[in-house]
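Consider the two complexes below, in which subunit A is the common component and subunit B and subunit C are the respective partners.
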Partner chain A sequence: MKQSKRTVFIAMLALAAIFVSSAAFAAEEIKVGALFPLTGPAAVSGQNCVNAVQAAVEVINKKNADINDPLAAQEGLVGGKYVIKVVPADHQGKPDVAKSEAERLYNQEKVFAIIGCYNSSATKPASAVAERAKKLFLCGCSSSAALTERGYKYFFRHAPTDAIESVEFVDYIAYLNKEKNAGIKTLGIIYENTEFGKHAAEEAVKAAKKIDLKIVADVPFNNGATNLNSEVQKLKSANPDVVFGAALGGDYSLWVRTMKQVNWLPKMAINYCTGYQNPAVQKELGSDGNFFMGGMGYSPELAKQFMPEGIKIQDKYYTPKSNQPFDSDSIQEAVMMMVLAQAIEKAGGPDTEKVREIIATQEFPSTMSLSGKVKFSPDGQNAEALSVITQLHEQSYKTVFPLKYKDFEPTIPMTPWDKR
Partner chain B sequence: MSNFMQVLIDGLLSGLLYALVSAGLSMIWGVMDVINFAHGEFLMVAMYICYWLGFILKIDPLFTWVASGIFLFILGAVTYRWIVKGSLGKAAMAPLLATFGLSMLLKNFCMNRFSPNFRLLSGTLLDGKTFEFCGAIISLPQFVTGIFSLIVVAALYWLVKKTRLGWAIQATAMDKEAAELMGIDTEKIFLLVFGLGGACVGVAGGLMTTYLAVHPEVGGLFSLIAFVVVALGGFGSIPGAFAAAILIGLVESFTGFYVAAVLKYVAVFAIYLVVILVRPKGLFGW
Partner chain C sequence: MTLTKKDKLWYGFIICAVILPFIPGVIGGGSFFGHVATMILLYAAMAQSWNIISGYGGQVSFGHSVFFGIGAYAAGLAVVTYETLPWYGVPLGMLTAAVVSILISYPCFRLKGHYFAIATFAIVEIFNRLFMIWDAVGGALGLDYPILDDGWKNFSWSDTKTGYYIGALAIFIVVFGIVRWIEKNRMGYYLLAVREGQETAESLGVNSTIVKLGAMALSAALAALCGAFFAQYNYRVDPPMVMSLDMSMKFVLITILGGIGTFWGPFLGALVLIPLQEYTRAYLTHLGAGVDLIIFGIIIIIVMIKEPRGMMGLLSYFNKGKKEGEAKL
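Right after this comes the complex of A and B.
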């Protein structure tokens, strides 16, 4: 009896020792909010963005000897003292929900920073909450140029803006007109009537003036519409040589299908950060998606050449979650997670002011960025942001501009629907 | 002229689609005075059925609308028996809240099972087929949906106005107790009406799969428009709902093209507000 009591006592002591030691060595969690549209018209893209952030966190928290990334070789941050925990949140594509969710994440969930929000219209109010609270807000792919024109100190954005993309689009058109005699003189713009769409259209108008591209159709639409018949009919009756499109997710596929229904296509259709970039949307469109173009910061084809480590992260952690490769939008959210983690590592812990200072002033190597690095200007915009113009051919994004990255001779004008 | 014709035909085809989506809701609302808040999600379920039948078994939606119609008839009847029936006679909002709960359940179930991905059937029999009429290009999938809408609405009208069953439905709608005294089994009538309402939206959803993408949120705006159609046309009036649907389709199309695309739904809801203010019972209400 006495012996069994002693055995129980030793066992309990051992258990207590294990508990105390594990508590002593358990890494502290740094919570990071991932605020994206997990329901609503852009839900597919939102879920991909959360998966991308989580893929980056797997690289940060686990030891990944097979991946050559600044934080992959170690386990956790600051010698294993910290690990990142993602707190996903859904703004449904609604600015008011984004604002209240940002408040909840900072005040109740006590997140250190938020990464988001995909829709520029949601990013704007959510980042305003962060700025007031003096908390960090990192934005991967929201492209409205206005976001980095507000003089915010705690807001940083990775993606090239609509302004950068618009200039690139018209530069390409100028090149085609000069070198290929493409005869592109008129422009139509179709865009969702949101923060993102309206700013994209404004930048398109500004850029078009640069090469005297005449705007013959300006067509905003309500996202999530039941049909886009009158919108496409407006484009068709104006018959522009090139159309710039800013339609996300399901609206993009509806736009393409409606053009097919009315049997009309411009010579070229170039898209901003939209459903064009989403492989899932393109898979559903099948061959109807062919010959459309768009600005991109990532494609599996580009990655093979310029981002081999990004492909490793994609295959190991992202594709098992999303059942598809990264797209231009989601990968940029992963990059911002990596930047945040590198800054925390350099700061020695989650000190908001120190981390902000490091993000604002230092350059970060980035295996998932086309330029290979990230460096923010004083306005919070990534000065190293790069995007290329691609054309879709049978589910494959072929790079056509800038010429430095070109790997394919594009089909211009687009092949008409009845000749496909 | 060709623009005008195109806009006119687009408006008519949209209107016919709205009529098909709204017909079942109109019946349920008119006969039972119950707002089926899950109507949009019924539409979504029908679209998923035809999508998966097309994707897995390669059966064209031109045939599978029968399956979605039957399934939604059963879903409608089950919804009545298990969800709506228990909430009738309680607080006025009880059936509305019960069907709202069902709509959340269906939407989140599909979101969970099928992800929010947009799913589009390619290579269907009608995919991309068009024909020209008076200078306007008509999309064959939309045209076929429009023809089905005419058939379904006419069949419903015939059923309600010309058959003994229809007379029983009308009697139940007018005075439930009096109908019961006349020997009408009003429970069965309610069950049938909910089933028929489901079947109509089942056919609509099935045919829509030929040209629209399916996703868990697809029913949202359609159900909102269906509520407007039913209220505008007059509660329970099938010809009223039909006329209102065509009116809404035309207003949407003409405003979208000749005024501003972003204002097309504004115009639809503005007309609804005006009609409700001037004639609260709707255009054809009694």
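Right after this comes the complex of A and C.
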């Protein structure tokens, strides 16, 4: 009896010791909201963005000796004192839902910061919630230039804006006209009638003036359309030399297929972010997607050359979740997670004002950014945002501009449908 | 004055709703319940405004998001474009919605039954496209609110839901109060008469065109009032958000689930649907994309199969059972 009492006492002591030691060494969780469209027309892209944020968190929380990234070698943040926990939330692509979910994440889930929201129209009200509450909001890929024209202090965006991409597109056209005698004089714009598409079209018009590109077709369409025949016919009748396109996933493939149906192509078709960049969409299009162009911040081909560590993160943590490589949108959400973590590390913990100050003023090395670094301007826009123009050849994105990154001689004009 | 059972329920509900913000932590601060309670009151008021013409008047409209949108845009334009107070936009929005509803309804009321409903479907699409390309109202970009000072003047609060809750409660009381008045007055009897048989009502001297137009104008103005609140609450207005079939369906779905043509139906519908929608989305998202919507859909299907008269039908079924039980005793 005496023996069994002693055994019970020792067991209790051992249990208490385990409890105390685990409590002492348990890292504190810093919650980060990942607010994306997980249902609705952009659900696949939204889920990819959440997976990208989670992949970045795996790099931060675990020891990854095989990855050469500022936070990969250590476990957690601030000497293991903190780990990041992702709280996913769905805004369904609706601005009102994005606003109420942002409030819930900050007030109920007590997240330290939110990363999101993919759709520019959702990012706007959600980041307004953050600004009012003086909380951090980090945006990876929403490209509407208006987002960083509001004078917000707590909003930071990684992606190049539509304005930056538009200028790059016309710079490329000017180069082709001058050096390759491409004879590109007229422009058509086709865009979804949303915050993203409308802004992209406005920036295209501004940039076109720079090289006297005459706009002969301005064609908006409703996103989620089931038929784009009349829109493509408008383009065909105007017959512009180059078309700038701003269409998300399914709309992009519908646009390409409708052009095939009416048997028309311009000399060049260059796309803003989204549909063109999505490997799943290109897989669906097959060889019909060939010779189209687009602005990109990431492709597996580019990454092999300029972002080898990004490839490692992709293969180890992202692809097992998403069954595809990163795309230009999702990887930028991962970058913002890494930037936030680096700022928390430098601040010594989750102090909003300290972390904000660090993000606003310091430069961050970034193995998943094409430029290799991130530095924000006073308006919250990443001054180091860089995108290249690629052309698609059999599911492979070939870089054609700027010349520094060029690895392929593009097919211009595009090969007509009947000669493919 | 003797209070009926319905009166007692109505006044009792108002007293409870008014007390709610005084209980610490229930509505105030960043309470999620505060958000849900505000949305229940707002959507109940929206559904009740639809119930006037479609439930009591029998003219099923799928076009109410147009009037809701006009109210939202009126408040949004006042704040964003004219940089003044939203309050100026509210009466203008209500008036515009009433006028637009009359202009739309006059020709449409020549159509009967399903044809009227189909025509209202088309009207939503027309207005949606129109507002999408109308640059004066922001076009597809919509109107984004600047950050305003907190308080009643701007009807904007960043760290508490109390003001919004009180605003939604005021709208709820106004809309439901008007419907109570209609139910008890000649207007209500005229509406019911038109719903049950337009020719018969006309043979008894009821001017069905005037009754329907009046009900539609009132319904539209109240929907616009709700729209103005919605814009203030979300700091943003754009056509897909406020002037869409999706939004129109919310008016219809809540009322049908609660009980069309009944006083408490829209409130019961909102009381079930809104928390279900908000809490499932908020707390089941981690289980996978769309799980919340699947559960939401299944519950609606079950309720509609079991009791097509909605929640009010379920309640009357239980009441009937209770009375039968009492009679047996």
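One rule holds for everything that comes next: the second predicted complex is superposed on the first by the 420 of 420 C-alpha atoms of A that agree within 3 Å, B and C clash if a C-alpha of one lies under 4 Å from a C-alpha of the other, contacts with A are read in each partner's own complex, and residues count from 1 in each chain.
The rule is short, and it goes like this: contacts are C-beta pairs under 8 Å (C-beta built on N, C-alpha and C of every residue); 3 or more make two chains touch, one makes a residue touch a chain.
Computed from a predicted structure; not experimentally measured.
Enquirer: Between subunit B and subunit C, positioned on subunit A by superposition, is the outcome a clash or a fit?
Expert: By the criteria stated at the top, subunit C and subunit B clash after superposition.
Enquirer: Considering only touches as defined above, state whether A:P125 meets subunit B (first), subunit C (second), both or neither.
Expert: The second partner, subunit C, only.
Enquirer: With both complexes superposed on chain A, which partner does A:N177 reach: first (subunit B), second (subunit C), both or neither?
Expert: Neither partner.
Enquirer: After superposition on the shared chain, which partner residues are touched by A:S100: those of subunit B (first), subunit C (second), both, or neither?
Expert: A:S100 contacts subunit C only, not subunit B.
Enquirer: Between subunit B (first) and subunit C (second), which, if any, makes contact with A:P220: first, second, both or neither?
Expert: It touches subunit B and subunit C both.
Enquirer: Considering only the touch criterion stated at the top, classify A:L254 as touching first (subunit B), second (subunit C), both, or neither.
Expert: Once the two structures are laid over each other on A, A:L254 reaches subunit B alone.
Enquirer: Just checking: does A:T411 make contact with subunit B only, subunit C only, both, or neither of them? Give me first, second, both or neither.
Expert: A:T411 sits against neither subunit B nor subunit C.
Enquirer: Examine A:S371 and indicate which partner it touches, taking first as subunit B and second as subunit C; both and neither are also allowed.
Expert: neither
Enquirer: Mind working out whether A:N229 is in touch with subunit B, subunit C, both or neither, as first, second, both or neither?
Expert: first
Enquirer: Can A:S396 be said to touch subunit B (first), subunit C (second), both, or neither?
Expert: neither
Enquirer: After superposition on chain A, which segment of subunit B among 97-105, 151-159 or 205-213 overlaps with subunit C?
Expert: Stretch flagged for C-alpha clashes with subunit C: 97-105.
Enquirer: Which subunit A residues come up in both lists, the one for subunit B and the one for subunit C?
Expert: 38-39, 43, 46-47, 193, 220, 222
Enquirer: Please output the residues of subunit C touching subunit A within their complex, sorted ascending.
Expert: Of all residues in subunit C, those touching subunit A are 29-32, 35, 129, 132-133, 139-142, 144-145, 147, 158-159, 230, 233-236, 238, 240-241, 278, 281-282, 285-286, 289-290, 292-293.
Enquirer: Would you tell me which residues of subunit A are touching subunit B in their complex?
Expert: Residue positions touching the partner: 38-41, 43-44, 46-47, 193, 219-222, 224-227, 229-231, 233-234, 237, 249-250, 253-254, 257, 260-263, 280-281, 284-288, 417.
Enquirer: Under the definition above, what is the set of subunit B residues touching subunit A in their complex?
Expert: Those residues of subunit B that touch subunit A are 3, 6-7, 10, 14, 111, 115-120, 122-123, 128, 130, 137, 139, 141-142, 211-213, 215-217, 220-222, 225, 252-257, 260-262, 264-265.
Enquirer: For a test of understanding, state which residues of subunit A touch subunit C in their complex under the given definition.
Expert: Within the complex, subunit A contacts subunit C at residues 38-39, 43, 46-47, 87-90, 92, 94-97, 99-101, 103-104, 106-108, 121, 124-125, 128-129, 131-133, 146, 193-195, 197-199, 220, 222.
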